[in-house]
């Protein structure tokens, strides 16, 4: 499934009615089965762009189109959120079934598909737990299982691991890469961490400070499957250095801004 | 000059010891003090009946069965009133929480009618609902309706926008959203409203049973007041506070069962 | 009050006098306005109430020296509860041609033939409270008709307003009520009077009360009584005897300024009382016995434990 | 078969339009409806006077100055009662929130006395405090005390433990902790209690002014009831609700000023 | 100022009265002016240890002692917390003055010292703002200024930057190193991120899963001042690799645990 983002702009009105231009004229095509990472300083519109792709925000101008095969019983896109965004009143199992319910999948099939994806994300045995009974890392896995269960053509991930500690994050990154090898999803992945972007993606897109524009697109010259050895390869280090220098000035500026 | 000292201990300020015995002693102590004050005879029993007299009077009323009738009668009214009030309040609260149109209509109306003292509405209630059970239940219903509606509204409005986006991102429609996100989000606030409403319902019991009652705890209080039987009045008051404590405890248990996802 | 700062007896001339802010207190408004109390060296400080019961309670607590209020089971229970209160003079009677309260029947029932208490058998009669003067009225009337207490259903609605509302709304079959509600209900067509209490059952419905402390302050207690008798005689002559004319109108005007009620309402609501303030002989004893027999007064009360007409006698001697 | 389609638009479910006009229309509509109902004559004016009559009557009473006296008298009682109740409630709430010992003594006592309807206490209050201002103010004070104490307690207990640790780590003692952390932490809850208490105080005004009052809005309501002046009665009720709305609005403004650190 | 942690153990009782052994027999000496980083899986007792050093938690066994010069008007220790832990009802200036108030410093002197440290942390001009008007990075700087203002002999930092985005974190790390060069504080720094620990510290102490014990102490063979070039030095990469292999097994185990 290809994602074609065509000259998308988005201007919000804040509480006082003032216009906040979040995105300006962003164009970007994500190829089928491609893993694209979006980086950029805080508040630059990364989440906004992802929401536009998910159909949760209507762009002020421009459009997003999907190109590929569509099958019934599967979703066009599915999102994994930063704070996992699990429904606290649903058990792990019921959380994963949520999307399937909305797709109208029959109960028996729902249970089967949910279990399958819980197994895939290493959550077998945790079906009856409530989210608050899980650690942050486990919760994030449930979020991923819930998104994968609807078999989306495009998987959208908004800083899925940023609330986790470094070690857990590293473990989940590895799992995500494994899952990707198996499911071959098109993935758009938002992150603050340059290392993470380089380590995971085929291509890293850098957005500027607000209003977000595409500042640069950096292809990652690393083979797959990724191995720990690649972390010290010049390709990795070079990409990280290049991205850091692109972002540093933007980040310094963003730091001094009050939160909106 | 170098010295070696233990780190300053700041834990004292943070410590909070338990005092389980005091908890019991406090209530008992109050009762004993009260009894002693009445025993001195300096305060006429009309002013402050002794706790033993109150207990004795309560036991007698229990034996004669009048207390049981009163409690059951009042409970029926309270349960019905709270039930209807909660149903109405939650429905209206959900409606104004969800639909901006309903909010625009409902919010000002609620703000304007909420502060009307319920006793002032007694004549209208008598006119419309008569002097039977309906009007008594209605007083309680009205008292419960407002905290329930206001709390449900606040609960719906405080639903985590992230969860709403998450549900919508999976294709949830309006109805799904209400049932699967907004309602469960509002549950804790709904229970808070229920606790408030249940408390209010007991306060309003006296007002409700002003309308042609011949049984009920509110009636007991009014009757004792009219006849200046302060001992019986105290029985009624004690009964109301016991009921209040029990109701609260019951609701807390229900809440735990209904909201298993919080700790 | 327990910690209240009661005045030291004998000092200061102020007498704290609790009255209802209604026409029934006209005689006291008159006395205050005409200076009858001042003549004898006492200055009444009027304390207004909206219900009868709190007056009795305030006398019990010593907050009031004197009260003018209805005789209810609650009042007798205060005495039964060990607090001394003295009934010292007449302050209003149900009396022929001077009806304070009445029994009204719902218009449609009346039209269908319900004209006597007997016709109300098995029906509802609204009163303010159990133990109130209205309750006593209905109870005594039933008794006189040879009916059992259970022959009608007595419905307490706590306030005259609520009783009137309920009759108006056809939620009651009959109502025991007082002015201005009697006239209002009749003129609106909601009810028809079938019994005027005074005409059929004269009794001591209201009285002057002294707190025990005030009663011990004999000199002031008698002085106050002198003023009261003087006022009472003026009231009797101007209102009860004449029934119209400038003196009558003066009392109406005075009452209107004190109560804020409209004059036409006031004219209908003046209670009858003895010209010299004498209580109906034996009536208090009859009342307490009646309440006690029905279990609504806790202990039997001897008339000597609650009635003390010695102040009145002494005052009358001085006034001869 | 490959197709190219726009992404599914899910924003419809999330949208919430504004309806500023409806907001005004709703209240106006209610008034018009009320007037119409009274015009049909189906509800006797004894039960529900027409709004126009109520307004006219209100204006007359305003002219004659009686309304001003009533409002001022009641306001004095309310302000005193709320002030004392708030002071007591906050003190007790702080004490039981801070000291476990006070908590062990206070919590059960509050739980047991909270559900007692204040109207049931009227005869006792007269006996204890007399018929002067004290007992009237006490009714209101009692009504305000409980929500204030309970909310302050909850506010103190919900103080962020991290902030407490932070303060202690800088050497804050018990007193510093109370003044600089616990009290400001509890402020939002204290204001919530104040809003609740202010509402309750107006409801209790009628009960308070049952005790030998000769001015005040509660007195106005009671007296009008005795004299069957339903229109005046309605003026009193409208006044109470207007006061309720005003008080709430005022408290919200105070809250904003007192808690500048929230958005 | 030396910090001598001597066989410290800590057992908590949870709500049901069950014992939770957080630390077991931890001994560690932090030398004067040394920068020690503590790493270990989530829940291993890092914060507990820091709290024991700060005197906020009383150890079940063992003791912590400080050795060095003590001057009046300065604090023995000061803590910087993960979520900044600023008082929301105090302005930036008042927050920084808090510790000085508790030390009994005179008002004028308080204002002076607070301003000095606000300038040091790049916050001049933000004195009258409330915390909610600042971005996460700014808030964390206020937390540092507040801690430095009491001139503590030992600075304790509990994951101070973990809630920040990667770019802001990187900028603040650099600032922290600069401040350290100027103030020469003894620092104990808790973090989840191995890279961060290696980049900042002279020595990294690894704690085991609960109950936390000292698993290893890894000296960092990098000179100071640290430069970006060192990020690709073998010393850096080697230390990261070594620490990761020490922690990985512990982290995997911790991930599957429910939160306490």
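Every chain is named by a letter (A, B, C, D and E) in the order it is written, and numbering of its residues begins at 1.
Please note the rule applied: a residue touches a chain if its C-beta (ideal position, glycine included) is under 8 Å from a C-beta of that chain, and two chains touch if they have at least 3 such contacts.
Everything quoted here is computed from the prediction, not taken from an experiment.
Looking at chain C and chain D, the chains that touch each of them are B.
Per-pair tallies of C-beta contacts place B-D first.
With centres defined as mean CA coordinates, chain E is found 47 Å away from chain B. We define each chain's centre as the mean of its Cα atoms; on that basis chain A and chain C are separated by 83 Å.
For the pair chain B and chain C, the distance between C-alpha centroids works out to 39 Å.
Residue positions 2, 53, 57, 60-61, 159, 161, 165, 168-169 of chain C each touch two or more of the other chains.
In chain A, 54-56, 77, 132 are the positions where the chain touches two or more neighbouring chains simultaneously. Residue numbers of chain D whose C-beta contacts span two or more other chains: 8, 10, 14, 47, 122-123, 127-128, 165, 168-169, 171-173. Going by the touch rule set out above, the chain pairs that meet are A-B, A-D, A-E, B-C, B-D, B-E, C-D, D-E. On the chain B side of its complex with chain A, the touching residues are 160, 162-163, 165-173, 176, 180-181, 184, 187, 259-263. Remark: chain D residues 8, 10, 13-14, 16-20, 22-24, 26-27, 30, 43, 47-48, 100-101, 103-109, 111-124, 127-128, 164-165, 168-169, 171-174, 177, 199, 202-203, 206, 221, 230, 233, 236-237, 240-241, 243-245, 248 touch chain B in the complex. By the touch rule above, chain D contacts chain C in their complex via residues 44, 46-47, 122-123, 126-132, 134-135, 210-214, 219, 222-223, 225-228. Interface of chain C with chain B (complex): residues 2, 53, 56-57, 60-61, 72-75, 77-78, 81-83, 126, 129-132, 155-159, 161-162, 165-166, 168-169, 171-172, 296-298. Within the complex, the chain E residues that touch chain B are 4, 52-58, 63-70, 76-77.
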